[in-house]
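So that we are looking at the same thing, I have put the structure below in structure tokens.
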């Protein structure tokens, strides 16, 4: 049994990276491993958007990540610097920036890049999807 | 020993850079746009990584390239086999 | 023959690798629905959009072929395909959908000149 | 004097396209032309995000577009289909999709692709930045 | 007569495709990553579009390529000149 | 010489064309700030990040050079540059910042093997 970390750097619907990462994650779990965490960086931060509304016949990627979190306790970390400049923020960041709305909520957590390095240290394998 | 994961077409900068970094005992997994390599058995990476380079079959199927990969006799893996490779190789580097 | 008021939509990106292909086809379909004559030119990896054998992507990912089939319903029946792109990708013309028409690469600049409106995806 | 239309398909901070488009727009106006409209498509829809919070020392691209709208009455249209799947919606779309928040507001308007074709017909030149 | 606007490097698919589409009387404007072409005076497009191909000077300056463009004797335009080109050529096509 | 516990950060994207370069350098800086030994390898168009003559981008766009200068403050003093990349881009070593060290392309696979942790941008 090994611990896997995933680094996701592509946006849903613009890049196939999130789809690949999700399918990989399920295959990892099916082989009896654990997923120590997923870190969303670069355009990958868009995976966390509460306001994502894809057509009915397409997978809602945010919901697919949440399912992974709920069923397998996989931590979902979003790089705060990458998120803020791309228009993604949590309720507390919205307060800090004087915004009326927010579009990141648990189980997605805004965090620093240190979390990625910590994940890389902690996991037996870090696999990047970009 | 490193598993190199390529997500871009064989004519991309990412592919060229990957080929510069692949060591003698490394393996290569071709996913997403990289499965276009199925059309070109003369791509240099097929020789370079001979016996340790694989196409992701579900990405071939999605792009209509599964039968050409078979005709060209190229090795494929399912997602499960991709994970197995990441178990065997202690590091993974993605080229995009 | 192209009509001078037709829109030329150029498709250069493969299915599943980005959203360029789909958003390009959407633009062509909307122009067709508005009654604008539309011609399509597939260059580079865009020719892969016409491969007959395509499946859908991973679970929940939309396939491209149904959209290609819809083009005819909007009277978009001119699908030019760069011969050079097929050659360099080593794709045989047989593996493409029926209504694709090959065009020699020397004719591509002429095609651009003949259209007053162009959108490049 | 000519009418220019701009088609912007790159996201702020991930692509240089919005910067190029803005600088081009100001040069167009400086030469005495008018800008008939800007259409945001593909990843360009992110230009409209209310929640964009770039570092202080970087240009806020949304504000730069708004300035263009206010000073030169340039219409700012955002493709609705491209926006919804990427997590961008107006207040009325948020109601329709049962969301608590929205991140597109006037002067940016959600509209269909027909508006792009109409802009292409109406303008003497349509210049794409992507 | 068309103005082709290239935003990607000269070794990109976008550049190759543009070169296939450029007609005898068309012009070419190189912006963003395309200004990397300043480093390579042997790039085929310089000959192909001879006298009707330009680099955007502010994008050269940003990337530290302004003096090499000058050394290589390559034609540049400011943003104002780019707009002037779009006035002269009735259509513009961007390659990205 | 690389230490086995060092992080190798690979930079392959040019300034201003995307955010890959900046977000790659940020990862290197944060690792450095956490006291992790960090080495950088510049490949392909990534070598353009080291051009001395770079200005800032358009108004409001951040320049890359100040970030390159910051690397030393975090004890990141190993900046390897692919010799092949310089040659194929026709960039002379003189035009790069001082602390860049050329590496022959045959040595690149070895560099990858020597590092336990790699991040590729």
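Per-chain residue numbering starts at 1, and chain names A, B, C, D, E and F are given in the order in which the chains are listed.
The criterion applied here is as follows: a residue touches a chain if its C-beta (ideal position, glycine included) is under 8 Å from a C-beta of that chain, and two chains touch if they have at least 3 such contacts.
Quantities reported herein were computed from a predicted structural model and do not represent experimental measurements.
Chemist: Please name the chain that ends up farthest from subunit B once chain centres are defined by their CA atoms averaged.
Modeler: Max centre-to-centre separation from subunit B belongs to D.
Chemist: Greatest Cα-centroid separation from subunit A: which chain?
Modeler: E
Chemist: Between D-F and B-F, which chain pair is linked by more C-beta pairs in contact?
Modeler: When the contacts at D-F and B-F are counted, B-F has more.
Chemist: Centroid of subunit C to centroid of subunit E, CA atoms only: how many Å?
Modeler: Each chain's C-alpha centroid was found; their separation is 26 Å.
Chemist: At what distance in angstrom does the C-alpha mean of subunit E lie from that of subunit B?
Modeler: Result: the chain centres lie 34 Å from each other.
Chemist: Could you list which residues of subunit D touch at least two other chains?
Modeler: Residues 13-14, 16, 20, 23, 42, 55, 58, 126, 128.
Chemist: For subunit C, which residues are shared contacts with two or more other chains?
Modeler: In subunit C, 16-17, 19, 45, 57-58, 61, 120 touch at least two other chains.
Chemist: What parts of subunit B, by residue number, touch at least two of the other chains?
Modeler: Residues 13, 32-33, 58-59, 93-94, 96.
Chemist: Please name which positions on subunit C make contact with subunit E in the complex.
Modeler: Going through subunit C, the ones touching subunit E are 10, 12, 43-45, 82, 84, 105, 108-110, 112-113, 116, 118, 120.
Chemist: Taking the touch rule as given, give the residues of subunit C at its contact with subunit D in the complex, in rising order.
Modeler: Interface residues on the subunit C side: 7, 19-20, 23, 26-27, 30-31, 34, 36, 117, 119-120.
Chemist: Taking the touch rule as given, give the residues of subunit D at its contact with subunit C in the complex, in rising order.
Modeler: Against subunit C, subunit D makes touches at 7, 41-42, 81-82, 112-114, 116-117, 120-121, 126, 128.
Chemist: Write out the stretch or stretches of subunit A touching subunit B in their complex.
Modeler: Residues 2, 4, 9, 16-17, 20, 23-24, 26-28, 30-31, 33, 125-130 of subunit A touch subunit B in their complex.
Chemist: Where on subunit B is subunit F touching in the complex?
Modeler: Listed in rising order, the residues of subunit B that touch subunit F are 1-2, 13-14, 16-17, 20-24, 26, 91, 93-96.
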